[in-house]
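Scrolling down, you'll hit the structures one after another.
The same chain A turns up in both complexes below, where it pairs with chain B and then with chain C.
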Partner chain A sequence: MTVTIDRAAKARRPRRPAEARESDGRLAFWLVIPSIVVLGLVILYPVIASIVRSMFGDGIGESPFVGLQNYANALWGLGAADFWGATGFTYFVAAVTIVLETLIGLAMALVMNRAFKGRGILRASVLVPWAIPTAVAAVLWKWAFDPAGIINALTGSTIVWTGSEIPSTIAIIVADTWKTAPFIALLILAGLQVIPDEVYEAAKIDGAGAWQRFLRITLPLVRPALLVAVLFRMLDALRMYDLPWIFTHGSNGTTTLSILVVQSTLSQLKPGYGGALATLTFVFIFVTAYFFVRVLGVNAVESVGGERKERKR
Partner chain B sequence: MSIATRPATGTAPGPTSHESTPRRRRLRWDLPGLYVGLIAIAIFCLAPFYWMVVSSLKAPNEIFDNSLIPRHPTLMNYEAVFGAQNTFVLALRNSLIIAGCVTVVALVFGVIAAYAIARLNFRGKNLVLGLFLATSMFPGVAILTPLFQLFADWGWIDTYQAMIVPDISFSLPLGVWILTSFFRAMPWELEAAARVDGCTRGQAFRRIILPLAVPGVFTTAILVFISAWNEYMIANSMSQTPASQPVTVAIAQFSGISQYDTPYGTQMAAGVVVTIPLIVLVLIFQRRIISGLTAGGVK
Partner chain C sequence: MRNRNRIAAAAVAMTSIVAVALTGCSSGSSSADGGVGPITFASGKDLTGAMPQLIDMWNKKHPDQKVTFIELSASPDDQRNSFIQDFQAKSGKYDVLWDDVVWTSEFAAHGWLQPLDAAKVGSDAVLPAAVASATYEGKMYGAPFMTNAGLLYYRSDLVKTPPTTWAELEADCKIAKANNMDCYAGQFNQYEGLTVNVAEAINSAGGSFLSKDGKTVTVDSPEARAGLQHLVDMFKNGDINKAAITYQEQESANAFLDGKAMFLRNWPYVYTAASADDSKIKGKFAMAQLPGQDALGVSSLGGINLGVSAYSKHKKTAEAWVQWMQSTEAQKILVSVMNQASVLSALYTDPDLVKVSPYLPTLQKSELTAVPRPQTPNYNAVSLAIQKNSYAALQGKVSVDAAITQMAADITQALK
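Right, the complex of A and B next:
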């Protein structure tokens, strides 16, 4: 009996804030819903359409329902060699570029975190690779990697870079690293600048050397910014299309998953099979991101909130 | 300053600690090493762009000499870019229209959604924010092929809207994400003050918040515009003729001055033309662009 009274009393007390929250909620609903509807139309609808289409065959005329046949074809049937080849290439390039870009980006951020004259100019020049359209960067690097181009001239080699698998993979990795490492550097730099100087002072007084300060202070404190940068970079690298497509048109084993999907659907006119490939690509990316977030504990949603605290200072 | 006072400032870093940071750090870093690092960064970032500019100034018979300075600089390639055999001017216009429309749509929807997420308390807020984040995870190919078929049925292939609509799938989440972090950092006490002075929520939003939000919205506009301007995959599939091709597609398919030469010089010139406006934006607004990029953490 007393318990129910208590409950009623408790329920009544926070009533006004609750009411305010309710009206907030209603307003928020009407403000957020247009964006969600728009995204539903341009993302959810096509994704569902693609999944549905992937259950149907690709013959001439009426396409019959084939269930999961398209998926089986991609995973262990006729298309398996192409599919796993593209998967392997995509993941390999993603892994190598992420490691290179993170290391180079970290080094760049550490240098840029020091005070120096001309900081603004250097930061603007760091944005140049990011601002150049990937398609233009691809054309630029294709020219640099031309057999008669500057890379061969500088290194004294005569490699036909787009002619076989390993050279074209290297060229793609170099071009992507150039384009993205500076961007990663800026993200890491933002994380570095939040670290208060006093922490370093204290460590110094305690006798920590430069290397120890880097390992024990810089790395752990910059970790959240670093992980968010790597997560977004990974999502981007796994759907790479522009660079390898302009470079080699996917020849010599440089077909990424995205290229494979577009080729199957639009060039070979197999929308059912292409839909299955698109769904598999999405599942792969999703699972990879999920493991990344789970294992490393990245919280991208909270990172926006974290940024806010830093700005308010 | 005595050491004893240090821990106190250390636990609660005041606003001044940030500004004093660079000056003190300079002393601990050996300057020659620092400048070597800075020059290395500048070369890493700018050398390829420099090569693009240099190559664009070389005539076809000189382009393969790989000299770092053009011996007989010529604007020949630029004439070819704007000449009749390439539809580059049309492509520039197409890119402007497509990226402009995408930016406007993303901002109109993004501003209201971001206002709600940044300002209002409602259940499932993190879910909504997570939803926007998740959509930016989608591989473009997952939406490209079904939309292609739909647009083919509608006769939309090779039209602007066939590129604008799919582009919204990445520009709207990007816009919401960056705007939310900008809006959260704004001085919202002013809104409360306006409410106290008798403004309705809508009035407070329009008269107080919107003007204050202009810098953040503007930065977001730049970032969304650049991402739409740089889009290639969707455009490469949806545009079939020069009538709708944006610059990224046009450059990749360029033909040279004559049928026989490699169009690298022309491509480089076109690349310079496409990149210069972006670099001007970057030079003018670098501070804002960087704060937008790092706030959103999204490309």
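Right, the complex of A and C next:
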């Protein structure tokens, strides 16, 4: 699409540049309108409706306007213990899983990036966990973590994994890491493959060892891909729902923000309070992602620019 | 210019089509046929495969008032969500719905269900506890269709007479220990089954959760503490295996079926698997009423009521159909083909049926004393409050006293 438009524009531009640009703009506007309308209907409308609904009370019959009462309830009122508990757990699990998944994913990607026999099979098999639907993976791991399951059988322990807080959290982290490390590996692998071999060869000639090459070449060059992968994972992990729900039904302090939203909205039929929780979750995730992009994203650009300047000098 | 107008018109037309599609489904017409005509019946997944048989029997007799079967998910939560979405859209897509006993109050309070004539669907032939489960603020909002109560499964090869009190149960646990088995299994994972088990313990000790009108919290009592204490003690002294904190119905049934547990609290359905030819415990088990604190205990009541949607366009037919589903003719299919417990007292002593399901007289006794779970429009929030606090006590994280105090506070908040 864009290619043909660009070509057409280039062809016409020499003749009547201003007019052509204007009519192109107008055409683009009308072409974009349907997508904007659809996006508005499926994204903007629900978000606004949820925010509006969160300003109204819950109860049988009419729901009165209560302003920010639902937010106050969640943040420092009757629901505060549940809300902050869920926030703490969600962020804790997100942080731990992202660190683990990034390290494991990076290692997987480095292995997959090497040329050796059977690489295709390895690549395919590493991706299997990611291809399994989360709900199915959760059930598999629930069986593995059963008191009479394979994990206790192999380790000889008698831990009731989904029966108390720390083991439940560990089980969830293990299952999530198993499931999504391949995703990070895949994105990093894509980043690794665009690094030209010449750079490594040059470094080798200059006498750089394997560790130095990894630190000085691989890491900086793969960083953009890595950051994107981590950002994706962060957005995903902060709205985690299915894994803890299937493992523990939110018991043992493993209620995530999403579980809390679903519990309030659907199970307890409190769309107002649930709407407030959903909006808060949205804001938390948005702010976290924004900071992530601001802090790490800006630094990445600056450091690349800085290096260039140094080199010129 | 002309081009732009045409595109603009197309865009406007597209938007309005979408708008119509979004709003169009909520339009309804008033019935000009006196409420008689074809209806739909939405139920949970029909695991027995016998529902079409029941519906055919009705359809043959009433060709002008055909019932169409809509099969929903097997998960109760999903069923409830489907119903609520239908109610909120006021669509009346489901004329008659399969209404778990714990939803009836909620649906009725929202005005989603049509009140039914108690003389027709709540007669003396129907078990009183089932009638109570369909009643909200003095009116019946469903026709009891299926009922259910918990029973004590025990190993009759090890225990000659089943325990009637908790003290007797705990005394029998020595036998389990001697045989290297767990003594007792039930449902203690944090989910609806825990509410059922805790409610049975608390009710059996003479405690309760809510006042009769469902408006006052009554759980903060010595009786409720005694009930919860019983379960906590059994966890502490190992009579209940600590792995049982993860048990739902099936896991607990498996423990009994594998010969790992001597007593099991469960619904009647386990009988089928336990008495099957390949069962390890075939002929070695029996069923009794649940034990209680000083005498026999009381069960929580399960079951299904058939509700008529307030948005149904053929309410007359719907009312006639739910009444028919309660008739002896239909209920016999329920017992003999679907293997479920009937709401009609008479069917529990029917010799033919008892031959197939020998536990029926015991089940009837259990149902006659069964207590519905707290009846309130905010049932799910109340149930979550019961689950969370009793679960913490079973884990030994909080004392029974603190758990009950907090439970009372959480239920009070849930009722708001």
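Following the convention adopted for this analysis, the second predicted complex is superposed on the first by the 278 of 313 C-alpha atoms of A that agree within 3 Å, B and C clash if a C-alpha of one lies under 4 Å from a C-alpha of the other, contacts with A are read in each partner's own complex, and residues count from 1 in each chain.
Everything that follows uses one rule, which is that a contact is a pair of C-beta atoms (placed from the backbone, for glycine too) under 8 Å apart; a residue touches a chain by one contact, two chains touch by 3 or more.
Small disclaimer: the values here were computed from a predicted structure and weren't measured.
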item	value
Which superposed partner A:279 touches (first chain B, second chain C, both, neither)	first
Touched partner set for A:122, first chain B, second chain C, both or neither	first
Which of chain B and chain C A:34 touches, first, second, both or neither	both
First, second, both or neither for A:295, with chain B first and chain C second	neither
Partner chain in contact with A:268 - chain B first, chain C second, else both or neither	second
Partner chain(s) touched by A:81 [first = chain B, second = chain C, both, neither]	neither
Partner chain(s) touched by A:248 [first = chain B, second = chain C, both, neither]	second
Contacts of A:146 with chain B and chain C, given as first, second, both or neither	both
Chain B versus chain C as contact partner of A:60, first or second or both or neither	second
Superposition-derived comparison: chain B or chain C, residues of chain A touched	B
Chain A positions touched by chain B in one structure and by chain C in the second	34, 146, 148, 266
Chain B partner contacts - residues on chain A that touch it in the complex	21, 24-25, 27-29, 31-32, 34-36, 38-39, 42-43, 45-47, 49-50, 53, 104, 107-108, 111-116, 118, 120, 122-141, 143-144, 146, 148-150, 153, 178, 181-183, 185-187, 189-190, 193, 196-199, 201-202, 205, 228-229, 232, 235-236, 238-239, 241-242, 245-246, 257-258, 261-262, 265-266, 271, 274-275, 278-279, 281-282, 285-286, 289, 300-301, 303-305, 307-308, 311-313
Contact footprint of chain C on chain A as seen in their complex	26, 30, 33-34, 37, 41, 60, 78, 146-148, 160, 162-164, 248-252, 263, 266-269
Contact footprint of chain A on chain B as seen in their complex	3, 6-7, 9-10, 13, 15, 17-18, 20-26, 29, 34-35, 37-38, 41-42, 44-46, 48-49, 51-52, 55, 64, 66, 105, 109-110, 112-113, 115-117, 120-123, 125-126, 128-133, 135-150, 165-166, 168-169, 172-173, 176-177, 180-181, 184-185, 201, 226, 229-230, 232-233, 236-237, 247-249, 251-252, 262, 264, 267-268, 270-271, 274-275, 278-279, 281-283, 286-287, 289-290, 293-299
Residue ranges of chain C touching chain A (in the complex, touch as defined)	4, 7-8, 11, 14-15, 18, 77, 81, 84, 106, 109-110, 189-191, 242-243, 245-246, 377-378, 380-381, 384, 387-388, 391, 395, 413-414
